[in-house]
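Structures for review follow.
Each of the next two complexes has chain A plus one more chain, namely chain B in the first and chain C in the second.
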Partner chain A sequence: MDVSILAINLVNGLLWGIILGFAAVGLTLLWGVMKVVNLAQGEVILMGSYVAIILFAQYGLSPLIGGLVALLVGLAAGFLIYWALLHKLVGKVERITLKIEMSTLLAMFALSIALLNFYYYAFGSEPRGFGLWSIGVPFIRVLGTTIRTNILLADALALISVAVIYLFLDRTILGKSIRAVMQDAQAASLVGINPVKIKLLTTILGIGLTVFSGFMVLLFEASVTPEIAHKYAPLSFVVVVLGGLGSVVGSLVAGIIIGIIYGLSKVVVSIFNPRISDPVALSTAFIVLILILLFKPEGIFGRKR
Partner chain B sequence: MAGKESTLSHYLRSPTLLIIVFVILGMLVARIMGMSTLDTLMTIMYFMGIALSLNIIMGFAGYVSFGHAVFLGLGGYAYVLLVYFIKPLADLQSLGFGLGAFLVAVLAGLFAAAIAASVGAAVLRLRGAFFAIATIGLDFTALYLMKAIVPELNPEQFFGAQIILPADKIVEKDVVFNAMFLTLIILLAVNYYIRKSPFGVGLTAIKEDEDAAEVLGVPTTMFKIIAFTLAGFFTGMVGALFSLNGGGVDETLFNLGHSIDMIVMIVIGGLGTVLGPIVGSLIYFELYDLLLVHYPGVNLIILGIIVAIVVLFFPEGLIGLLRKYKVKGVRLRDLLE
Partner chain C sequence: MALLELKNIDAGYGETQVLWDINLQADEGIITVMLGSNGAGKTTTLRVTSGILSPWKGQILLGGEDVTRLPAHKRVELGIVMVPEGRRLWPELTVFENLELGAYTKRARDKFDSSLDLVYSLFPRLRERRNQLAGTLSGGEQQMLAIGRALMAVPRILLMDEPSLGLAPKLVGEIMNVVRKLRDDERLTVFLVEQNVHMSLEIADYGYVIEQGRIVLSGPKEELEGSERIKKAYLGL
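The block that comes next holds the complex of A and B.
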């Protein structure tokens, strides 16, 4: 077997995995802290992509500014989603029962229907992107393969963002309060942490980061269609379950693992039959999901419940 | 004997049963009198069929299977592949007024049921969101595997995962109607039976508090697997006949959109009842049609907003809402099931 094919696939898997891991950070926060599974994950990711695209295509703004605006739009969207959907369901609740969990799933599901079809309505199903825009030279040669500079930019932004959010949760009072609520909401409110405030903050942060990751997804994929939502949302769930609920670092590591598994299985399958390598490689990610759910449901970095 | 008679007369007095019979007769009359096009009736039956199938696990046992479209896809692919490659089955389809197609659909349903039973034995250990996510994972696994396997089966004929049945391997649409109609009647009967049986009571107990149910002696694991298998079986059958009606199958059958359809219908109608999915599917069909005609393009955006409003403000659905009221001293809760 050609070693360089293996190397290319592994590098691509790694580069993709970082994006995937960052895209799931918002999801893992929402799920870990509030027990809210954002079924609109894919659509929320796309919000960031489309905000940057509109600003670029309609107003000629640099995609870098577009990415920043996407983050701001995401934070605002988190605020709206909390007050419009989540507050009524989980705001005042101390212990999330299965019934409440189901209601939040359905509410986020409703959001996903509305958002996805809004994208189809507003942007159509054609691929949209930044065209030929790139930062610096469009391609870099690494390890005998060419990599788009935009992908490296996306990965760098993703890693920086994960580091920032990790430091925020680890070092600041607010971040520590979020982790306190994640570990024990009742005990947290006993020591004077206002749960509603923390839930609102978590939603703003979680949705904001997810929307921001849409910008990286766009840089990575070069162009997006609404259909991309159905690729990234399920993969985000895999990443969160694998990484452990609420763990930011776990999410990044799990993303990289999934990316590399994808790259590896693609190489292995293409030895037998190159035509089916992509679908089979994607399906391995979900087989990993089901195995993890069955045998290690707390994930790699999660706490045993 | 006396006991049996009183159960029979009890059944006859139940308005739920009357509504079910009315729905069946209404469908038949509409078909015979030509009051509605065949396609409209097929669509209504398809919607009602998938809602009633998912209802067995979601409505009664409270396990929301977000990836339930997987069984629609498995049933559809099983059916199309069976009649494509096995000549006797293709010939069987045209047997007596749709009975043949029904039998082949049962085979396809059994395939879906086998997958449901084996996967269910594993994933039904998970609760709430984890179960939902696992079924979504199952859906995508099946989708990607189908994309990989199908083109290999007949590389000259199959384009991607799409299979179009040749003209000699499909049957006329009124024959498909008959088979679907028969499936729907059985599905209604099964739903009603479960609602009335100790099995249904056990499922409700699981929905309310699984740990307590287990302690009280409900064989929760077995009940859940049976319910999930039944739900997979019937969804598979509906998927099979739906594909036959369309003359082939492609990977869109695995779309989570189909799961959305099922779940939304049950939520609008009311969880945990037989009437819920029936009423829900009729409302959903009308709503879908109405929004499509009047607000093309934005119809599904509005639908999403409606679902959100139902979830936030009327979580019990229409039937659940009605069940809270009394009419002339009679509690509707005793009448609507």
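The block that comes next holds the complex of A and C.
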């Protein structure tokens, strides 16, 4: 194999993996803190993409403003999802049992169906995007290949966001309270932490970040269709399990690993049959998932339970 | 003066009643203990007092104020703070972060520095280990941290659930000395439940004995020490 092709795919895998890792941060928080398995992950990601698209196509606003609005819409959506779907199920319970977990899972599944069908209804199945928009030059040349500047913008935003959320969880009292509730919710209420407040905050943050990541996904993919939910949702789950439940840094590292594995397997398969390279690469990611579950079920940065 | 009062408390889990008409009080500035064997209802009494479990019937008063309907985190704001059974630390947070979150309420945060000084002077080991993850501490150190975290919340009454459980005798003595010191130096009110009758009667001022969910005996320490029932059932005399 040509060495430069390998290098290009490694770089592409890295650039994509950062986006993938960030897209899974919200999922890992909701899952880790509240045991809420967000089956609407893919559709929630798309919410951010479509908010930015509407503002761009309908109102002529810059995608940069669209991205900011997407974040705000995401935070608001988190607020609504908590009070409309989750509060009754997990709000006041001390220990989240399997039964409650199944209930929230179904609630999020219902949300995913509703959102997906709404996207088809509102936006159709045609690819939608920002067209030729970019900041500055559309391409730069690296290692003898060209990279779209939009991808670099998306990666920069994703990395900054991960750093901010990491510092928030690591350094602030509110962030530490979230980690405390994740580890032992009852002990948290015994020092005066209101578990409902923390669960609400976690949902706002988790959904908000996921929606925001949809903006990065759009920048990376150049255009989206509702179908893309079915690519990002399963990969997000692989990333969360590999990274370890509730670990933001784990999510980023796992995203990069999966991105690179996905990219490399695509190259290898392309040599034999380019038409099946995408599905085979996706399968490879899931083989990784099975291997983790077999040999290191707590993930790279997770703790043993 | 009664700081904490439980009146006619019935409580249980699901269909199973554990506590039957519990009446007790913990007076200000002294150590009150509840003695009883495993499964007698000691932990349930504390869970009801701290607000983790709602009683089926009865009232809980703090300084005469009815707190029966308040959730646990609201009771912490009022000063009912518990050192729970099994310590319940956050293993992936550092010693310092555990203490820091102990002072989560507004009232406690205002006294953060003086509380931290108190905790570090009682348990110098916690200062040495402040950047270590709580999960890596030894059992004795974890118990110290659990008490330290509760003190950071600036309790008006400190509830302690079997602090001696699983500790070596020497450590039990150390912990008990700290409790005594908190009463004498800080005028802290303590309500402690224990299986270890010897040790708890040593530091107690007043005590209750609970058997099968009912209080069967109560009185000042000297009276309990002299009681035939206690001698027979718990001290093996």
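Quick notes on this one:
Keep this in mind: the second predicted complex is superposed on the first by the 300 of 305 C-alpha atoms of A that agree within 3 Å, B and C clash if a C-alpha of one lies under 4 Å from a C-alpha of the other, contacts with A are read in each partner's own complex, and residues count from 1 in each chain.
Going forward, a contact is a pair of C-beta atoms (placed from the backbone, for glycine too) under 8 Å apart; a residue touches a chain by one contact, two chains touch by 3 or more.
Just so we're clear, the structure is a prediction, and the values are computed from it rather than from any experiment.
Looking at the superposition, the partner that touches the larger set of chain A residues, chain B or chain C, turns out to be B.
Shared-chain residue A:A24: touches no atom of chain B or chain C. In the superposed pair of complexes, A:V191 makes contact with chain C only, with no contact to chain B. In the superposition on chain A, contact of A:L55 is made with neither chain B nor chain C. When the two structures are aligned on the shared chain, A:E101 is found in touch with chain B, with no touch to chain C. By the touch criterion defined above, A:I173 reaches chain C but does not reach chain B.
When the two structures are aligned on the shared chain, A:V217 is found in touch with neither chain B nor chain C. Contacts of A:F109 after superposition: chain B is touched, whereas chain C is not reached. Once the two complexes are laid over each other on the shared chain, residue contacts for A:V248 go to neither chain B nor chain C. Of all residues in chain A, only 94, 173, 176-177, 179-180, 183-184, 186-195, 303 touch chain C in the complex they form.
Residue ranges on chain C touching chain A, taken from their complex, read 50-52, 71-73, 76-77, 81-82, 84, 88-93, 97, 100-105, 108, 149, 152-153. For chain A in complex with chain B, the touching residues are 31, 35, 37, 39, 85, 88-89, 98-99, 101-103, 105-107, 109-118, 120-121, 230, 234, 237-238, 241, 273, 275-276, 279-280, 282-283, 286-287, 289-290, 293-294, 297.
Interface residues of chain B, counted against chain A in their complex, comprise 62, 64, 66, 119, 122-123, 125-130, 132-134, 136-138, 140-141, 143-145, 147-149, 151-152, 256, 260, 263, 267, 297-301, 303-305, 307-308, 311-312, 315.
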